[in-house]
Amino acid sequence: MEETKEKRIELAAFIRWINEKGWSPGTSTNYSFLHPEQEDKIVISRSGIDKTYFSEDDFMEIDREGKPAKGSEGIKPSAETLIHCELYNLFPSTRYILHTHSMPGTLLSGKKEWEEAITFSGYEVLKGLPGISTHESEVELPIFANDQDMDRFRLLIRDNQNRLQTGGFLMAKHGLYAWGNSLQEAKRHLEIYEFLLTCELNLLQIR
Amino acid sequence: MEETKEKRIELAAFIRWINEKGWSPGTSTNYSFLHPEQEDKIVISRSGIDKTYFSEDDFMEIDREGKPAKGSEGIKPSAETLIHCELYNLFPSTRYILHTHSMPGTLLSGKKEWEEAITFSGYEVLKGLPGISTHESEVELPIFANDQDMDRFRLLIRDNQNRLQTGGFLMAKHGLYAWGNSLQEAKRHLEIYEFLLTCELNLLQIR
Amino acid sequence: MEETKEKRIELAAFIRWINEKGWSPGTSTNYSFLHPEQEDKIVISRSGIDKTYFSEDDFMEIDREGKPAKGSEGIKPSAETLIHCELYNLFPSTRYILHTHSMPGTLLSGKKEWEEAITFSGYEVLKGLPGISTHESEVELPIFANDQDMDRFRLLIRDNQNRLQTGGFLMAKHGLYAWGNSLQEAKRHLEIYEFLLTCELNLLQIR
Amino acid sequence: MEETKEKRIELAAFIRWINEKGWSPGTSTNYSFLHPEQEDKIVISRSGIDKTYFSEDDFMEIDREGKPAKGSEGIKPSAETLIHCELYNLFPSTRYILHTHSMPGTLLSGKKEWEEAITFSGYEVLKGLPGISTHESEVELPIFANDQDMDRFRLLIRDNQNRLQTGGFLMAKHGLYAWGNSLQEAKRHLEIYEFLLTCELNLLQIR
């Protein structure tokens, strides 16, 4: 673990910042990065940690199939570890994966009328998402039904790979996954989606 | 009091954190823990303290019937002390009780149409509550009418013991009680309920 | 000024805390306390100061009619100084007066249908207001039309003295005045009214 | 650059404060000031910087037509640099220009029914805007359609100069520009408009 200490410190600080925003209630949410030197390893947040106090020691190492790696044996990884594994496999340039559990993401993903996606249209901030160069764009943030069976959910993501080109998706009544080729990029995608979800929620609340 | 100093410091910091979130307006809310060595004693916040500046010295010790214990004679405990006493009696594994007074809790508990409970359904975050292992659950957060007569209110809680298995209830236009076997667990229950109340309020505000 | 330094430091810290909450946009809002030794003097915030950076040096001394006192000649007091003078005269036990400019207070005071008052009913937190001992109470927070003529507005307050027994009033589309016999009490009244205004606004936003 | 170091430190701190409020999601927003000694130079934020960590080194110097000045060759200025250039030309006393990307500004500017302006009426806080001395005023905050062609957008601003006398405008689904003769004044205009946008959004959300 020692060789990733700096990255773990940086990501832990980011996780506490996320928590301050109210985006990780209870012990929800999880976070990972690809080991910078050993790409067969993923460094991921442990299960059940309160993100208010999350530290660089609250990570563990797993292999690309979600099994605890040497030095992390016996530690329980997040229940959603396989989602991380699958995203790293589907998008090989991905280096960081972030999962938040904000109120707007939880609420909007649970509305029946949007069973498949929320569409954002005409927003300047869309230009911060992969492949978008003008506000005259439409971006679909896919919504997948929540599932406790992670093997099944992993296949669902794989089957929907073509819908995951803009760096994020929602699990219904569960929250947002966002990723990128660096912490900076993953953070940018995350912030943009959280911002847009807040916009859309407030728009729906206008009489 | 000296032997509980570390726990008082920890809880006082948590109380100021609650206050920063706006969940303890005026001098509202109260907090307690069971004395770790003398289980006939409860350490509870004093009455009338502004939680912005709450410190480890703003606690007192009471017995299991709410009377000031030796060393705390003449200090006024919170008006709602008997609620704490009753919860420790009903749920013997409880170690911490937390009471917040947030806007969503205050407002939603006062809606006439929900005179008995608010039901949360299908949320991933429900898995952080006692006995819940899947999002495919329904959890009822009981609402009790507010009452200035604490002897009467205490009996009401006792009569409703079977509805209090998921670690929380609301007093109408008054706020949330949440508890757990540790500060970490009580905090988790509290955050989950506050998060869900905010979700439900925003859902009701969608046109 | 020197003899009030400690009180100015304490109030300035409180003012920056108010600002952090977003309750003093632009250079709005003003604050005062009665000189603790010379009751013919009021210590009040100067005009036009950004509250983000408000310090103990941003006060001045005025007499009970709002004229700059010795040592503060040539400094411009807040435009609303006469409101403070009148409240100290009407309620002789008052020691602190606080004026915020929050979004809920600004917005709700401007609704035509509440030209005279907002009524708060059944809230536990009402018990923190003067003379209220049960949640089974109704408290009216008076709303007065905004006015640039402070001599006229002062008379309006005087004429409505009997409606000002619970420590606060609103100026329409302008904000809240709250006061008390100590900073602690004035802060309590302020927080309670701001909390209740947020509740009522959210209640109106439920479909 | 060295001679503007103090001003860059001051503005960078302000930019991080803006970010904390959630008004600069992703790498959105930009900020500038006129070089205090060489009025043919503008100091402006670089393109693509996350404002969470914005520092005094994240500025660059450009000429009045938006070209990188000596010492800043090869650095990419913000895409919206020409908006800054045009505003400094149209309003020669302007010293600071601030651009935020808040949720209320983004959302309200995108409502079809307000294609040209949002009108604020009767608010006390209007008195903090240029030329307004009473709350009995109406101020129009112009809304311009978003545009990726900055040469064209610049002309649009020029043609609407007479509508820009109160220190701000909105770009649809993009955010607010505000300016002033000092950082203090520009900040005041910015805060007032953001406050009023939040008021109007909440007003529209009342049932």
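Order of writing sets the chain letters: A, B, C and D. Residues in each chain are counted from 1.
Please note the rule applied: a residue touches a chain if its C-beta (ideal position, glycine included) is under 8 Å from a C-beta of that chain, and two chains touch if they have at least 3 such contacts.
Everything numeric here is computed off the predicted structure, so don't read it as measured data.
Asker: With over half of the numbers shared counting as same, classify the subunit B/subunit C interface as same or different.
Answerer: Under half of the interface numbering overlaps between copies: different.
Asker: Go ahead and align subunit C to its copy subunit D using Cα positions, then give the rotation in degrees, nearest 5.
Answerer: The C-alpha superposition of subunit C onto subunit D needs 90 degrees.
Asker: What whole-Å value do you get for the distance between subunit A and subunit D if each is reduced to the mean of its CA atoms?
Answerer: The mean C-alpha positions of subunit A and subunit D differ by 32 Å.
Asker: So the centre of each chain is just the mean of its C-alpha atoms; given that, what is the distance between subunit B and subunit D in Å?
Answerer: Between these chains, centre-to-centre, one finds 45 Å.
Asker: Hey, what residues on subunit A touch two or more of the other chains?
Answerer: In subunit A, the residues touching two or more other chains are 205-207.
Asker: Select the category (line, ring, star, complete, other) that matches the graph of chains linked by touching.
Answerer: The chain contacts form a single closed ring, each chain touching exactly two others.
Asker: Considering every pair of chains, which are in touch?
Answerer: Touching chain pairs, listed by label, come out as A-B, A-D, B-C, C-D.
Asker: In their complex, what parts of subunit B are in touch with subunit C?
Answerer: Residues in contact with subunit C: 22, 25-28, 50, 52, 101, 103-104, 106-107, 110-111, 146, 148, 171-175, 201, 204-207.
Asker: Report the residues of subunit C in contact with subunit B in the complex, numbered from low to high.
Answerer: For subunit C paired with subunit B, touching residues are 17, 122-125, 128, 134-136, 184, 187-188, 191-192, 194-195, 198-199, 202-203, 205-207.
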